[in-house]
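Down below are the structures I want you to see.
In the two assemblies presented below, chain A is common to both, partnered first by chain B and then by chain C.
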Partner chain A sequence: MTPSASDGAAMSGDTVTVLPRPAAASRAGGLLDRLRNIEPVSLLWAALAAALLFLVAAPLVKLFVASFETQGTGAFTLSNYATAYGRQRYLDALVNSLTLGLLSAAISVVLAVPMAWAVSRTDMPGKGLTWAAVLGAFVVPPYLAAIGWILLAGPNSGFVNQAWRWLTGAEGALVNVYSFTGLALVIALNSFPLVFILVKAALDLISSEMEDAANIIGAGPWTTMWKVTLPLAWPAVLAGFILVFLETIALFGTPAIIGIPARINVVTTQLWQFFEYPVRVEVAAAYAMPLLLVTVGLIAVQKLLLGRKGFVSQTGKGGERRMVRLGPFRWVLFGWCAGVGALAVVMPVLVLIQASFAKAWGRGLALDNLTLRNYALLLFEHEMALTSVWNTIWFSAAAATIAGAIALLVAYLVNRRLVPFGEVLGFLCMAPFVIPGIVMAIGFYAAYASPPLALYGTATLLILAFTARFLPIAYANSQAAVRAVHPEMEEAARILGAGRLQSIARVTAPLLKKSLLGGWLIVFILASRELSAAVFLVGPRTRTMSVLLYDLSEAGNFEVLAAFGGILLAITLVLVAVGMKLAGRDFMLRRE
Partner chain B sequence: MSRLVLRGLTKAFGKLTVVDAVDLALEEGEFVSLLGPSGCGKTTTLRMIAGFLEPTAGAIEMDGRVISSPGSVMPPERRRMSMIFQSYAIWPNMTVEENVAFGLKLRKLPSEEVRRRTAEILEVVQMSHLAGRYPAELSGGQQQRVALARAIVVKPSVLLLDEPLSNLDANLREEMRFEIRRLHDEFRITTVYVTHDQAEAMATSDRIAVMNAGRIEQVDVPHLLYTRPRTRFVAGFIGRTNLLEGRLAEGEIALDGFALKVAQLADRVPEAGNRPILLSVRPQSMVLHRTPPSANGRPVLPAMVAERVYLGESWDYVVRPRDSGLRLRVAAPPLQVHEVGDPVWLEMDPRQIAVVD
Partner chain C sequence: MARITRRGVLAAAAALGGGRAGGAAAQEQQLLPHERELHEAARREGELTWYTGQMQAEPSEAIGRAFTERFPGVKVNVVRSTSQVAFQRLSQDARAGVAQCDVFSSVDQSHLTLLKRQERLAQYRPLNASGLIPAVREAGDPDGYFQVSYLAIYLIGRHRRVTEAEAPRSWRDLLDPRWRGQIAVGHPGFSGAIGSLCVALRKLYGWDYFRQLERNRPHIGRSAGDPVTLLNAGERTIGMGVPSPTTLLSIARGNPLALVYPADGTLMVPAPSGALRNAPHPNAARLFLEFIASPAYSRATRPFFAESLRPEVPPPDGARPLDQVPLLMPTAEEVERGIPEVKELWRDTFGV
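And then the complex of A and B:
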């Protein structure tokens, strides 16, 4: 799999080998000659544009068009909108999504900002552990965390409530995951890394001299933090808030696993219901519009916030940073970080592992409760489990490779200015960033599920959807990688006698290899746990692990479910470890 | 026959003309600098010579054959040139030795010869002891030497250098200047050197082409460029100078408060006509006297010291000739001290005055 990077680069060279022909050959050729010279790059440009239109633009357009079509006939109608917004239940779901988004984002900020400040600016101990907690929360798929928290905080047999009853002798439950707050907390505990990464990056840029300037005119450490440091990071906090909000309103797994039993209906679960037999794609398309519009709007706001230079102090010089000395209070902060880490990662993962080896998870750790039956069932008896593992691996690998190749070619064309209007291609690559995965899935379904392409239930449909969904990440990664290789590196090879293809193969490709591999792994990892698009597009034979996990959660067999989650986590962890080894320790959390 | 000829070479990006009808011819083995401020088009010219850019108009010929013209550009890899880049562009994934051997291997030379020539050139640039190192382990100056070795080892028909010293600190820059000239004296490779640093150009070049706003203002050997600047820009860009506006009439140039005889100037000036004229007078070409000097035919003006700055190597005086609004900068040796306000006699040397367009 790994050489995808260099393959991509080599390909670009092949098709880009432009141009110029020896002078003697032709001066009279004029226009014809010129056309012949430009052709190969233009062909590549056209091919990439076609691929991107197919992957990104067409599904979006189809989504929009479908929302005005009558099912079957395709005649223009407004009735889809009337249906989608005509029932109190559907409107409630909209309100629920917004409220849930706000609540989760607020909790995430509360959880993450002290952690970011502690890691970036203070002498708090255990920074490595805090990083591990953040990375852990980032790596654990949200729906697995949700299942973990069902085992922890289910009102009857959740471990936390069992312990509470045992300790106090009380009758009721201490916490109930099947509640609006419970749902918001579980989401926040999984999403806070987004806030952490943004805020820490902003804090890292603030030089200690800013704080010194406040200290010297009489502000203590606390006043300085409240009046100087945090306000400087304020745009990043807001940007993180927006990201978590958007993540939450587009999230399917957690609301489906926790929300449906708790009778909390949100937009994504409602969309899912429109896809129950008989499938009403047109209504779903109409109903998905607010999600799309809110996302586009807020991403624009977020860009504006982070783009306002001069506010976040981006000085290169005077950037010396000293850590704020906290005294005994540093242990309080450490406790906070450790607590978040325990709630977000350690506790849910531990109960999942426990359940995966248990005959009945509620009986807890006991020798006679231990069994390997759950794993054995999945590996040797379950008809779909192994297929889904295989599906997940090869869909993700294919999507990561295609997305990586397209992204690399476009990044190369744009960066080296080899074609006019290259930016159009770059824009198309980045566009899926503002499309929630679930909306994109509905677009793909509307555009390609039925004839003429009739891709429903095929691996192709899933691979294409994954490719489109993670194209922006692959593109951002490729862009950074290509930008880091100075064009003069290639030119130096060419002037010494290497053709364009040769200089790319001998010089550029080896230099890009590492970062492209990192990008490939990120897309692979994200695709391998993707649920909200997959759940709409899988057929009976193309179930991925994430979808099968969701199916199992509906069946309620938590021991088998946990074992399957364990397998997914193990695969992810191996890949993360490989990535850290090959592409650098922070390859997943780098801020692009 | 000239090795490399630029004929009316022009490059426009959209409406912006960056290089404007440049004509230049290099003899075999000649070292010519393109000197000018940033944005004057010198790097664009170099990149057209290398074949990375296509000219909008004009042509480039090598050994009598057109290698670049609009719509038809021989690709860089077939020009048998080599180039040293501003960023050095030393490939970080190869050792010093592999970097240097790269071009030789592309030429499919026997490995024995590749090894021998690589070793020889590394000896010449004093990098033999670091042959196995990776570029990340080298200093800026060492990387520069690798870049030089890599470019020279292939015995290119033309060597191109794009501001190769601009990333080095001052001392190293001076050292590398002489290194570049030494290598040129040894290998006699036809060379085009782009720089914005006049001292660099003076130290290395056989001839310098001064560029401004896409055009070549003057091509000359270094000392003539200094003593006989042809344009206002060249006079101001190469060293410091006093530019005096005057009026030519009846064999005399009338300046503010005094006049010079045209016959005394070394430059040939058509005496006829009554027209404005511009003179460049170098600070080093004038002498300050405490008392009126004995008459020797040179113009002497009574003046007063208006400002002074001590620069260590010399005094930098600003003097005001009597009955004149002019303020002239004059360089004087360190021991020649005049106080501000002192009366002085300013002696000019007409032979060192240049008439500028």
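And then the complex of A and C:
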């Protein structure tokens, strides 16, 4: 895992070997002799283009085509669309998803913006704790948080409601997780770090001079914040809002776990229903199209809204930045951050830990309720549990490595303008960003599950899907990293006789290793908790922890689930710790 | 159908109720000649993959381990989910043209009859089946494409907070407004058992039963076993259509639950298993079917309170003998036609 110069070389070597054989062969096979004299960069471009077409473009095209195909014959038809939109219930699910996305995104903004402002611009105490809360919320997989909140806010047995009844003597429940707002809140408590990271990064760039100007003409700190600071961060708020919205409408685990008891059907759970017998991939494809359109539309809206540049002074961190003195209000703000941290991380994780050692979680902390059975069952009696841990680790590692390698090479080609049409590669790398994971999984199923490739149930299929799904994150990371390294160092290497690839391997990669490692770990962690893509693509021997957790959740056996979640969290925490040690404390939350 | 009077079932019930002393366990350990032969062939295959929606995850894993214990060198990949999800996975495999599953077990009998019709099952009548309780043997496929591996019993569970006196006595009683916000139930889109229950109750009372049930706002999970956890936690007090084994196991572990045998019929599903025709491990699959029909299987599931399939293994502790309770037992044809219908009706009535 330690990246070094030789690793860099191995990475670029991997990319070529990992290529889908047919694509690579048709492009490079017979032409190889003639191409020998061409600069390797052109070959690399072709190889990367083929890889990206295979990973990103082909599944999407296949999905689009399938939505117009008759099952079995493949003849053109519009009946899939008629079926997909022919029932009120299916349309309701669409509306539910959009509403849920908006609500979760709005709650996330409300939660995160004050925290970002407090950490970036004020003298609030306890910033380290706030960081920890954000990181914690980012690390806990959404479906685990959902289970935590079922334990906390089940209307009768949830600990919060039990405490409420005990305190007030009231009959009813204070909070009900099985409701639309409950679902939206649980999702927001898990997604707000996305807003936080973006907004804080934007606020970090705003120099105090603008705030000073406002102060001089008579504005107090609050007016300044509302009228000057926050408006400057508006693009970041919007970006965060859209990100959470996209995450929410593509989420599968939380709506399946909370949404069914809450009687809320959403697009993803409806897509799942189209995979019931008889499997209707074509209808699912048709039904997935609006999800794609909505996301593409949103990105367009964002571009439109932010078309006029100049929100942020692009002078880097040149200006002086002083912390706003809040006086006693800093404790109010600290209370807010601590409250969000408690709701998002501390409380759900504590109840999960309690449940994982409990015979019956509802009986609370009692000596006769303590047991190690749940862990023993998973570790010693459950044939698949440990296999799935191993699957998760190596699929995620492979996906992170492939995505990192492709992303680095593309970012490099684009940034250094080495090839014509490099931007096309960049665009393909970023495209999965607007494709909900579940839609991408259906595309992969449609394109690669069946012969000739027959990848269904293989590790390859999952690794490729994870790679494609998280390519944008790896690419954004690589792009930022590559941009930060001036070409003159490579030029020096080349003057001394190194080839292009050699200079990347020996000079650029080592310079980038910290940020590349950070990017690798982010992709790894996201892949290790990925459910919505995995759930359609796993086979009996390639089940990941997230899918096994989902299977276990069917029977609502929360004690065993919590224990399994505990194992998953322990693994993640070790990796985060490694990442912090190797790539810097803020590697997961950094944004260049 | 309401109160099944078919001779076979009564015979089954009598046999189940009877209870015999277990045979000499040591003798059982020795493999029969046909088992030894299959074991040799299966060992070369090394493993099998078992999609099951019958017992819950924990007993299913225990069955897999018991198999490997009896037939060393053959590992079982247990893929436990609800029956409908198991069938969904099998359908996805078929759609992709990939064979991954060796043995398929479901609580929805129509899955197996459908697979048989589509010629996707291998014909294999286990020799061990001759020693099964007659009714169990007879409930299997006459052509030998599948056999019963689980006598699935579903009834009403109650938290002891609800006393025996005030507890509901029938499915009908669950419509009483007293149980508003108290009932928990699985989902026919996932659980084959709840699908069968819906088919049976629709036949008894019409779909209006479920419209009235919705007025009591039941908590809807996915698996039929889901309500047991909710009852343990005290989230709800009445479990509708809970599996008898899961509930009895939970009671044995000290949870404050009790079973109610509904006056209008306990649901019994003779849940089948079959080997796939395109099974990647055909010998291991056959050996697994032999195992299911052997006393070793009934002995392995007994600690998890499953009904015994063999006369030499006594029925589980704490369960009522089945000849003393009225039974609901929808036929495979009723289930095959009914489940797709009730799934749609359910989603329209309950919104999910």
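In the analysis below, the second predicted complex is superposed on the first by the 528 of 592 C-alpha atoms of A that agree within 3 Å, B and C clash if a C-alpha of one lies under 4 Å from a C-alpha of the other, contacts with A are read in each partner's own complex, and residues count from 1 in each chain.
Heads up, the rule we're going with is that a contact is a pair of C-beta atoms (placed from the backbone, for glycine too) under 8 Å apart; a residue touches a chain by one contact, two chains touch by 3 or more.
Keep in mind the model is a prediction, meaning the values are calculated, not measured.
By the touch criterion stated above, A:581 is placed in contact with neither chain B nor chain C. In the superposition on chain A, contact of A:227 is made with neither chain B nor chain C. With both structures placed on the common chain, the touch criterion links A:303 to neither chain B nor chain C. When both complexes are overlaid on chain A, the residue A:156 reaches chain C alone and has no touch with chain B. Contact with chain C, but none with chain B, is seen for A:265 once the two complexes are overlaid on the shared chain.
A simple residue count on chain A separates chain B from chain C, and the partner touching more is C. When the two complexes are overlaid on their common chain A, residue A:325 makes contact with neither chain B nor chain C. When both complexes are overlaid on chain A, the residue A:496 reaches chain B alone and has no touch with chain C. Across the two superposed structures, the residue set of chain A contacted by chain B and also by chain C is empty. If you check the complex, the residues on chain A that touch chain B are 19-27, 29-30, 33-34, 37, 486, 488-489, 491-500, 502-503, 506-507, 510-511. Listing the residues of chain B that touch chain A in their complex gives 50-52, 54, 65-69, 71-83, 85-87, 89, 91-93, 102-103, 106-107, 150-151, 154, 160.
Residues 89, 154-158, 178, 259-261, 263-265, 269, 273, 275-279, 281, 359-363, 368, 377, 381-384, 445, 449-451, 454, 456-457, 536, 539-541, 543, 551-558, 560 of chain A are the ones that touch chain C when the two sit in their complex.
Residues of chain C that touch chain A in their complex: 49, 51, 56-58, 61-62, 64-65, 75-82, 84-85, 87-88, 91-98, 100-101, 181, 187, 189-190, 219-223, 225-230, 232-236, 246, 253-255, 347-348, 350-352.
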